[in-house]
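Shared chain: chain A. Partners: chain B in the first complex, chain C in the second.
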Partner chain A sequence: MAFEMIGERINGMFKDIGEAVAKFDPKPIQEWAIKQTEAGAHWLDVNVGPTATDRVKAMRWMVEVIQEVCDTPLCLDSTNYDAIEAGLEVCKKPALINSCPAERPKIERVFPMAKKYGAGIICLTMDKSGIPKSADQRIAFAMELVAAADEFGIPYDMIYIDPLILPCNVAQDHAPEVLETLRQVKTLSDPPPKTTLGLSNVSQNCANRPLINRTYAVMAITCGLDSAIIDVCDDDLVEAIATADMLLNRSIYCDSWVKVFRQR
Partner chain B sequence: MAFEMIGERINGMFKDIGEAVAKFDPKPIQEWAIKQTEAGAHWLDVNVGPTATDRVKAMRWMVEVIQEVCDTPLCLDSTNYDAIEAGLEVCKKPALINSCPAERPKIERVFPMAKKYGAGIICLTMDKSGIPKSADQRIAFAMELVAAADEFGIPYDMIYIDPLILPCNVAQDHAPEVLETLRQVKTLSDPPPKTTLGLSNVSQNCANRPLINRTYAVMAITCGLDSAIIDVCDDDLVEAIATADMLLNRSIYCDSWVKVFRQR
Partner chain C sequence: MPVEIFKEKYTGKVQEVVLGATKEEGGTRAYTVKLGGSSALPFLQFEGESARPVIAMEVWDIKPNWHECFEPYIGDVWEDPVAWAQKLEQEYGAEVIYLTLKGADPERENPKSADDCAKLVKKILENTKAPLMVEGCGNYEKDNEVLQAVAEAAAGENIALGMAEKDNYRSIAAACMMGKHCIIARSPVDINIMKQLNIMILDMGVPADKIINDPLASGLGYGIEYSYSIMERARYGALVGDKMMAFPIVCLAGQEAWRAKEAVAPDDAGPGWGDQKTRGIMWEAMTAAALIQGGADIVLLRHPEAAKLIKEHIEDLMVPNTY
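Right, the complex of A and B next:
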């Protein structure tokens, strides 16, 4: 199973996308949809961001304008589940829901919705009290979420466990715990859940962010990371990911392995 | 425990060193000794190479000329154990012996010599029949070598198990087996043996060798690699290693973590 890259760029937190969402201007959104798809993104994250006055309406519109220019599957990213449902209603391909923590009311809202629309779910190893430090506590949350998949009839491999990496300059001790969580998640069910990370978070406010991002990506892939929300236009990062994939013997070596990885 | 870099460059296989050894010209050898030490090498590999007419004499001379310009510990690299012993006799600091396979006559020659001189031993997971493919078979050889440490009174952490990586363009399926071996080696004794790799071998005759080298280094470190014979003058490689070390929480994050890693 090859690594899945989720393009992070269509997010209203970025200035150009925020302005586009505020003005319902499709152009910057469509440009990034095409650019990330050409860079090899397997999914496009879609987050309406802080400028939307109506997140439900904004999400539906964003999904529609992206689908006008490409058919890359979408990862609908919002804490507003009505906005996510509005996006799912118009998605032409099975989507990912980003995200659901280990909190019962949210599980009861998200999991039936995922089943109805055939969507995967990015599941966060946290609850209302926050992100735990140890791998053991992260795994306890992952177990709750995998049990919920069972309960609501979602195939285990439609669950993407996100062990939540924090910036290494403020929570450095979390970095190895997240790696250990990735290793252990693969023992929770058969087939095992998938795994994902919001990669860029590891280097927030750090020096040499690209170096930290690509190094941690390779470490996490070695421990079982199946996908990540990343800057797919960071060539050095994509090269590192493609090379780790090849060195795990998941894609056959050829002199142009990075190019092949982007095009699959 | 911080990662140990073994500088690969003082090896008669390289043209400049080969010529220096043939002519007993100390200059290129001393220049590489200083250059690699300044780049952060914790050990310097010393291999007389194919041009030496008398390997015993050449090894002793190389050790002496290196020690005239730096006090970096040495890793004596030869299949001729008399040459290694000649080097050990003149080494001012405890050295590494590179290497010993899981073959009884060689164990009986190398281990007592290591004990006599207080040297560590790079132990290869192979015997006369060659390098096995599976992690299980590699681990079986590692167990023999750890048992030999017990028998000959060598502390377990003076044993550096080298699971022997092969070029990924011809033996790609070995790459994940070597990673699994690195994981399992750490369960063999208490304290566990150390681990090492001749890293550059993973990319022999491949395209974009530096990318493969630094990616595999990060993967192997994530699985328990403690040291490797590398090109310490490859800045991108050393940056990747320093960053993996930091992300495993073995060195404290600061904005200049790469510089700190080189200077420790």
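Right, the complex of A and C next:
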């Protein structure tokens, strides 16, 4: 399976998007939708951000304005599940729900919704008490989530396990634990669940963030990372991912391997 | 207890390419042939669609230097390419005529001009019903001129033109686009070049449903296993969604098989070798049989007896093995 890139840029945490959401100005959102699609994004993350007063209305509006300019599938990113549902109602293509932790009430809200709309789910290996440190505890959560997929009738390969990477200047010891989790997740079911990461988080507040991001991306892909929420306009990063994908023998080598990767 | 048959699920399929054009489509062919379209490995019909391989047969524009065992079959026509093409489709079951313009080679004495070639193609089209494929003489410079003229002469007929290789594909691609023809892209038994050449030809603007790949497959005994593995890998790539590996494949089985000394050595070549004619025909048929198992969508055959054997073999293979 070839690597899936989820474009991170349509997020109200970024100033231009936050302002656009507050004023219901579609232009910056549509520009980033086109730009990320052209850069090869397979999914576009959509997060209304903290400035929206009515997150349900904002999510629905964002999905609609993005679909006016491109047909890239969307990854609806919110802790407000009513907002996600409002977005799913208007999505033209099967979407990804971002995200659901290993907490029973949330599983019971999200999984039936995913089933209803044919959506995939990004599942976080954490619960109310937070992110565990060890790979073993992360895997325990992943098992719960995969079991829930079975329970609610969601195909295993529509579950994207996110083992949650933390900034390396805050929690450096998590980085190898996440890699070990990625390896073990693949043994949980047949077909195995997919995996994903919010990659940029690994370098939060660090020096030379792009170098950290692309190095960790390559390490994680080797351990079984299938997708990641990334800056798809970071050419060095995308080229490193394309090369890792090719060196894992997932696509036949040709001189234009990077270009082919972007055009999939 | 019933046994559940494991079935592989694929997401991709081989691109469909149509050869020829009927009157309604702007040409004059009696029928068209569809190459490709498979969604499973060859002849595993229980897992998906397995396209029927097409049989093309070979005509040269000059008298061929082939073994004398061809003479009883085509000796009466091999100095007249039009009659030769007619005989292939009427008597020997060729579904596609494959014309090689050997006579245009500037290394030859009195090489044929681009205009001569264009006229011959026009005449063959006027006197036959089958879709046509045309290969140049192999000299890049001359072929630029020849194939351009052929593309113009055959406008509307949706023929296939080759050979486009890494160093000469541009002018052939341009000729194909101008005449709305198909292009045959050749890579030298090299899967990476096969993929790269497809990308470059698509970049030129040739539509995906006009590309055919020739992996320069070897004959039996001369590296056919390597060709087979490359074709299998390409097909597998196509099935898992690699669109640059998903073009139908043509194998020039006849010409490769008859290059082998085993095909042409005389009756008394050695104990156990048997008579030359049977041996040569079997050498060609075995080469083609292996290549269609490897994923050839169209095989080019030379001996009418070999073509007959392969036709029967394909009928047998196309009986669905559904579980």
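Criterion: the second predicted complex is superposed on the first by the 264 of 264 C-alpha atoms of A that agree within 3 Å, B and C clash if a C-alpha of one lies under 4 Å from a C-alpha of the other, contacts with A are read in each partner's own complex, and residues count from 1 in each chain.
What we mean here is this: a contact is a pair of C-beta atoms (placed from the backbone, for glycine too) under 8 Å apart; a residue touches a chain by one contact, two chains touch by 3 or more.
Source: prediction; values computed, not measured.
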State whether A:A2 touches chain B only (first), chain C only (second), both chains, or neither. second
Quick check for you: in the superposed arrangement, does A:Q204 touch first (chain B), second (chain C), both or neither? neither
Under the stated touch criterion, which partner chain does A:N80 make contact with: chain B (first), chain C (second), both, or neither? neither
In the overlay, answer first, second, both or neither for which of chain B and chain C A:L248 touches. first
Once chain A of both complexes is superposed, is A:V260 in touch with chain B (first), chain C (second), both, or neither? second
Give me the intersection of chain A's contacts with chain B and its contacts with chain C, in residue numbers. 252-253, 255-256
Give the list of chain C residues in touch with chain A in this complex. 191-193, 195-196, 199, 233-234, 237, 241-242, 244-245
In the complex of these two chains, what residues of chain A are touching chain C? 2, 251-256, 259-260, 264
Chain B residues touching chain A in their complex are 168-169, 172-173, 175-176, 179, 202, 206-208, 211-212, 215-216, 218-219, 221-223, 239-240, 243-244, 246-249, 252-253, 255-256, 258
